[in-house]
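So that you can tell them apart, the chains are marked A, B, C and D in the order they are listed, and the count of residues begins at 1 in each.
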Amino acid sequence: MMDKRNEMRLQFLSKSQNESFARAAVAAFAAQLDPTLEEIADIKTAVSEAVTNAIIHGYERADQFVEIITRVYNYSVVIEVIDQGKGIDDVELARQPLYTSKPELERSGMGFTVMETFMDSIEVATGPGQGTKIKMTKHIKNNEGEMGKS
Amino acid sequence: MMDKRNEMRLQFLSKSQNESFARAAVAAFAAQLDPTLEEIADIKTAVSEAVTNAIIHGYERADQFVEIITRVYNYSVVIEVIDQGKGIDDVELARQPLYTSKPELERSGMGFTVMETFMDSIEVATGPGQGTKIKMTKHIKNNEGEMGKS
Amino acid sequence: MQIFSKRNKDILIITLEGELDHHHAKGVRQALDRMLEDTSIRYLVLDLSGLCFMDSSGIGVFIGRYKVIKKRDGQTCIAGVNSQLDKILEVSGLYNILKAYDNVEEAINGIRGVA
Amino acid sequence: MQIFSKRNKDILIITLEGELDHHHAKGVRQALDRMLEDTSIRYLVLDLSGLCFMDSSGIGVFIGRYKVIKKRDGQTCIAGVNSQLDKILEVSGLYNILKAYDNVEEAINGIRGVA
């Protein structure tokens, strides 16, 4: 079968109006794997969570750059959302459902839970003052070559 | 009026299937200026020409990176398409309508002419062995703030 | 993001169209809170059938309005949930606090105790 | 990119759907050349009404097929041009060598000398 490996990197200003652009761009790139509508919706939602977090928690201002690296493989897409912002002190706490450090913004504290549920795996690399990198993987069961899969 | 200045940078592998992704991503980003359908089609076409040239003339292989920088201002979008490929010897010749160095691929030699016609201005920075940067500007006559315009 | 509103006695019916993310959450919150200043409103029906995307920012908006209505001993319902929305509403436990109906008519009937 | 073909005696009618860029140009060229091996084809009608995007790679494809047909003393026509396409066909001078019709029916009538 055709080798589908492909990669794109995207950087954009940490303005909230770029949230919709970011998820649309990743979805357009992932489209080459022929994902289902549900898979595309899952990816868009997870990207939206990670990008929103970079903008409101990581940077708190609109003139920094958020980076997204998207790699597609034959049966999966791997997405990294990276900010150079303030980082997370206690990752375990941050990942708890309903925990938010910004209740005054009516954040629900469900962002990490959504990313974990909508993607197959998620890794968080962060530290105080060191920015945050969220790496998420989703398997895509495309039609071509289905026989080779379990 | 709201300050619309915004910027994104995109890098992707020099594979031909990324041509459609590249023009879709730039169009999605330019959408924040509320361009007309014709303006969006013009931008997509010009981006497609520049990206295709980077892939087939600049690199001639699929494992290098093409970069696109898109900046939007209140009334315009500025797009740079950059490759680190072999560059252009004679820019004046290259920009002639119908000139192509790859007639065997049935290239029409109309890429530069299309970019010039569909965008308001285009600058080419290149040199043998130095890669190529195409910088294109298009004015967008959006509704908001129309009174301030001539 | 577009917001439409309708009144049926003490029920406020809100239709949300577009993509409800962090960028649009603030505007939706403010618009709803302005309407909810009218304390004769006891029931809030959120018609989500025109919402083509929502992330957890929307969850925050819904919980916030739920709390306002709850203080009035009222009730908040959602109607017209599609499958992307269903997944995020499920994960975030929103079905535990918001009653879901297929459409606005059924929500109104549910509130009025008809059928 | 999808390609559909129909025959009407010595006329080959090709319908192109999707986006005709460099990535898809090679496939379209090969498909057309395979069909044009049948030398009883003298006229080529390209129905572009389903083409939602085309850049100068498409111009190259059209000129190439025009040359093949011209060697047979035939004629190449295009039908169903939308406004994005119109602009690029105009700029590239393609209207000087390809006759354009509103739709396939008019193209066939034009070739047959009807009306």
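By definition in this document, a residue touches a chain if its C-beta (ideal position, glycine included) is under 8 Å from a C-beta of that chain, and two chains touch if they have at least 3 such contacts.
The structure presented is a predicted model; accordingly, all values stated were derived computationally and were not measured.
Undergrad: With chain centres defined as mean CA positions, report which chain is farthest from subunit B.
TA: Ranked by distance of C-alpha centres from subunit B, the top chain is C.
Undergrad: Which whole number of Å gives the spacing of the CA centres of subunit A and subunit D?
TA: About 43 Å separates the centre of subunit A from that of subunit D.
Undergrad: Could you state the distance in Å from the CA-based centre of subunit C to that of subunit D?
TA: Distance between chain centres: 52 Å.
Undergrad: Centroid from C-alpha atoms only, then distance subunit A to subunit C, rounded to Å. What do you get?
TA: About 27 Å separates the centre of subunit A from that of subunit C.
Undergrad: If a residue has to touch 2 or more other chains to count, which residues of subunit B qualify?
TA: 17
Undergrad: Can you pull out the residues of subunit C that are in contact with at least two other chains?
TA: As it turns out, subunit C has no residue touching two or more other chains.
Undergrad: Using the touch rule from the top of the page, what pairs of chains touch, sorted by label?
TA: According to the stated criterion, the contacting chain pairs are A-B, A-C, B-D.
Undergrad: Can you tell me which positions in subunit C touch subunit A when the two form their complex?
TA: 19, 21-23, 25, 29, 53-57, 59-61, 63-64, 83-84, 87-88, 91-92
Undergrad: Looking at the complex, which residues from subunit B come into contact with subunit A?
TA: The contact residues of subunit B facing subunit A are 6-13, 15, 17-18, 21, 24-25, 28-29, 31-32, 65.
Undergrad: So in the complex, which bits of subunit A are touching subunit C?
TA: Interface residues on the subunit A side: 16-17, 19-20, 23, 38, 41-42, 44-45, 48-49, 52, 55-56, 105-108, 110-111, 113-114, 117-118.
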